[in-house]
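Letters A, B and C name the chains as they come in the text, with residue numbers starting at 1 for each one.
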Amino acid sequence: MAEHMPVDKTFKLFIGGAFPRSESGRTFQVHSADGDLLANAAKASRKDLREAVKAARSAQPGWAGRTAYNRGQVLYRVAEVMESRRSEFTSVLRATGMAARAARTEVDRSIDRWVWYAGWADKLHHVLGTVNPVVGPYFNFTFPEPTGVVVVAAPDDPPLLGLLSRIAPVIVSGNTAVVATGGPSTLAAVTLAEVLATSDVPGGVVNVLTGEKGELLPWALGHMDVNSVDLTGAPDGLENEAVAAAADNVKRIVRSDPAGASPYMIGDFLEMKTVWHPIGR
Amino acid sequence: MTTSTAFVPSTGGGPVSTTPVDAVSLEARAAALCTRSIKTTSKRAALHTTIRCIDLTTLEGTDTAGKVASLCQKAIRPSPGDPTIPSVAAVCVYPEMVEHAVAAVAGTGVAVASVAGAFPAGMSAPAVRVADIADAVGRGADEIDIVLNRSAFMAGDLGRAHDEIVAAKEACGSAHLKVILETGELGSYDQVRRASMLAMAAGADFIKTSTGKIPRAATHPMVLNMAEAIRDYADQTGVVVGLKGAGGIRTAKQAWHHLVIVGETLGSEWLNPELFRLGASSLLNDVLMQIQKLDTGRYSGPDYVTVD
Amino acid sequence: MAPTDNPPETFGIDYAPAPESTAVVDIADSYGHFINGDFVEPSSGATFPTVNPATETHLADIADGSAEDVDRAVTAARAAFEGPWGQMPGSERGKYLFRIARQLQERSREFAVLETMDGGKPITESRDLDLPMSAAWFFYYAGWADKLEYAFPNRTMAPHGVAGQIVPWNFPLMMAAWKLAPALAAGNTVVLKPAETTPLTALLLADVLQDIDLPPGVVNIVTGAGATGAALVSHPGIDKLAFTGSTDVGKAIQRIASTRRIPLTLELGGKAAHIVFEDSAVDQAVEGVVTGIYSNQGHVCCAGSRLLVEESIADQFVERLRRRVSTLRLGDPLDKNTDVGAINSADQLQRITDMVATGVSEGADLFQPEVDLPDKGYWFPPTVFTGVQQSHTVAREEIFGPVLTVQTFRTAEEAVEKANNTPYGLSAGIWTEKGSKILWMAEKLRAGVVWANTYNRFDPASPFGGYKESGFGREGGLHGLSPYLRERTGGTRGGA
């Protein structure tokens, strides 16, 4: 028997639950820390971003319409699938030059981080909502709602923990995400996309674009159907003019800790709705 | 608008319908109208109009011919020293007192109203109540104030409550019929709105808030609610019904805010005794003292108005 | 008949004048900026007039703030932040806020009359809404000053430093109170810029701040128009920005703040849908619609400017609405029986006039009751447009005046779709007696404040603010406190 010839994976985009190539036909090479070619990854274009936003917008009402309990379970299921692919995630991190022990630790922390956020789905309202003692015979309460479609610039470092730490607080409340990645997090992002595709997350809830974040973000910031952009992982040198364009539809711009975890980070992607009703008979 | 309950007017035509009432917003609107500032010429006009719309009332078990005669004199000439002060609309008494009142007000334009129909509870047999009404009319009453059968109404027997008013109206003959809803017992503005429609559909010439025998009577939001019902009834049938607030109206300021509420809801044309009444006893003297204040620029006192 | 020939006087709802006295206010000929605890002359010497929009009479000359004036104010605020205010325990800070609240209560008549003279709003509104709400805002946030560690569990919070705050002309004092109270409670110092057409109550507030011995520099007030605001927004010493006003200006501020990475709160425009179902308490719904669009002449960002009424009752509802609108009393804002006062400025009157002309030219049906507009001053009658389509300009753009558009719908889904079909998302109204429908609607409407079976209610404990292009951040309640705090670095944080 001849030795098994490895079957290399094709690294594609993840949009609306499918894995298309870039409409532009462009690819870029992903190399290991040693300089070996790991993949020709799809290099997303502005039109891919447009399609990803469309997919995210179309998925958003349904995702937000799930019960919080159900979203929590769907997220937990993602952690289960990640756990079963620990070795793959570990090797992806090692390929970026990370030592074996560090890679294993980051994978463990990433899975734990995701589980931690999954549990927030049905507890957010307790921590971030209020019942308000207004003057007069009115029942008045404030509760969080997802802001809508969020474009996330994934941090380069830490590649997997940062990616998950920025995606989880976006989607746990019912937002949908378009994740722009490039560089060290590319392989982790594509692997995560495969996990999402084989778990219970509906298509379009998370869309993954690989390529040049600096090329995609100005289009995201200027897109009038994007509600929020997380610039935590934005590359240096993003033009002021591009950031300023976010004001054209009053986007919520978030800059946060790439590897932090907090319910208040979920809050960065929430709108607070206050409802009044008289108390009478 | 919304057909929560529909009544067919006894006078003919299609069914009339009621709308739900939001208590908090209704009370807020009434409170806003009660911030109307009534000054100078408007105040004097409001005070005169109040007097002209008063049903000066005594409904005591101790009422006598002498007491009623005294009340009637006050009704005809509320302020003996001031000929500009108009008479009140009517005196309101028990059936036993009607003849004394009729004799005392004859020729003055002041009407005689009698409560009847087993006032104030109404808890006698229908025939007894009709006979009571007929008796009061026979004694010369121009106007009859009866109570809604709240027992039937609250039990959901709207047909019975309605038909009894129809029977009362027949017993009145040419006398005007005022139907007291006893709003403080009905439990909600929704029920009052429904009872108002029922009474009007059954032929009431006036709908009236209260007997004066229980608390929470002619509040401003309640009068607003009933004024809106009257407007709805007029819109739907073309029939114009009067409104009487009674019970708890003691000050001139309360009274002119009732005028404001009725005027801004139904129009200034409602602000006359043909369509608006205030059932009261002590109110009149507070109004007279306010007029004295306008005349003299000084605050008056109870020794400068007659007790009755 | 009555025993007299004198016909009794007949009362009607054409009430005699009942003007509030202006003797209680004392307006100076001119006002400087309030910087570091004192009134100071503008560096350029330039001033602009503020007028009474109901009479067009000149009230005072107001200092026109230059970049240099803004710099002086920011410097004073910085010194106060690094000095006494920054060192002060929260319990002491809170007591200053309580003092302000009490002073506003005690001098409320004076403030109310001045607000009405400078801005044109009915005295009943300045007296019964603006002033009580302003005092309540300070009273509410005063109590937070020494409880910040309980506000946001597992976070250690600190004030930003110097907050720049720009407030609009529709609720001049109340908007200043909404901004100042949480900022000060959190421990920030402030440079406040009032709107150029309505600076007087903010300047009277400065008088209060002196009376209560607020340390100099904690609150600084620089008056001026857009250029002054731009100087404040661009000043490198500002750590936090908050703006209430038009969406266009808000976007311009966001462009600057987002590139400079300055935390920002925006409370911008709106085009709120006011949705009335067949099964509503109709008379109260009419009242809510009237309050929603005609109070404060419609100069309200959360005004219910788009009536969506269920088609089955549309004709009857509009008839009731017209009748009710015809009873609105327009005129002297100082008269205690006035319902609709003066338009705030000649510019705003022009905008409303132009928008209404656009509505007519696009084919909507205009209704205005017969009202006598006073000869002097800026006035616009309450206006109802029927036959309005979703594509009409008057149904899409914020008019910020007493102009209501009426559209119909057939199903709750259609109502939601039309209500949400706007770049704005500040507020919405729902009228139905069906509880489950209220909650269903409240969930579906993309708006920060949903009034069900009521409208235009405000409270310091109740968060207020918008979705989408109506802004971000909240004012009021716990949620209104957080924009004035940052997480102290090195603080604890949870999470796996």
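Going forward, contacts are C-beta pairs under 8 Å (C-beta built on N, C-alpha and C of every residue); 3 or more make two chains touch, one makes a residue touch a chain.
No experiment lies behind these values; they were computed from the predicted model shown.
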item: Graph class of chain-chain contacts, one of line, ring, star, complete, other; value: complete
item: Central subunit by CA centre of mass proxy; value: C
item: From subunit A, the most remote chain by mean C-alpha position; value: B
item: Interface with more contacting C-beta pairs, comparing A-C to A-B; value: A-C
item: Subunit B and subunit C, separation of their C-alpha mean positions in angstrom; value: 43
item: Inter-centroid spacing, subunit C versus subunit A (mean Cα positions, whole Å); value: 37
item: Centre distance in Å when subunit A and subunit B are each reduced to the mean of their C-alpha atoms; value: 69
item: Subunit A residues counted as touching two or more neighbouring chains; value: 136, 138, 278
item: Shared-contact residues (touching 2 or more other chains) in subunit C; value: 453-454
item: Junction residues of subunit B, two or more chains touched; value: 22, 24-25
item: Of all residues in subunit A, those that touch subunit C in their complex; value: 109, 112-113, 115-116, 127, 130, 132-136, 138, 140, 142, 147, 227, 240, 243-244, 246-250, 252-253, 255, 260-264, 271-278
item: In the complex with subunit A, residue positions of subunit C that touch it; value: 136, 152-155, 247, 250-252, 254-256, 258-259, 261, 266, 268, 423, 438, 442, 447-454, 457, 459, 461-465, 467-472, 474, 477-479, 487, 493-496
item: Footprint of subunit B on subunit A - complex, ascending; value: 136-138, 278-281
item: Residues on subunit B engaged by subunit A in the complex (per definition of touch); value: 22-25, 27, 187-188
item: In the complex, subunit C residues that touch subunit B; value: 1-4, 6, 8-18, 124, 128, 278-284, 287-288, 313, 316-317, 327, 336-337, 433, 453-454
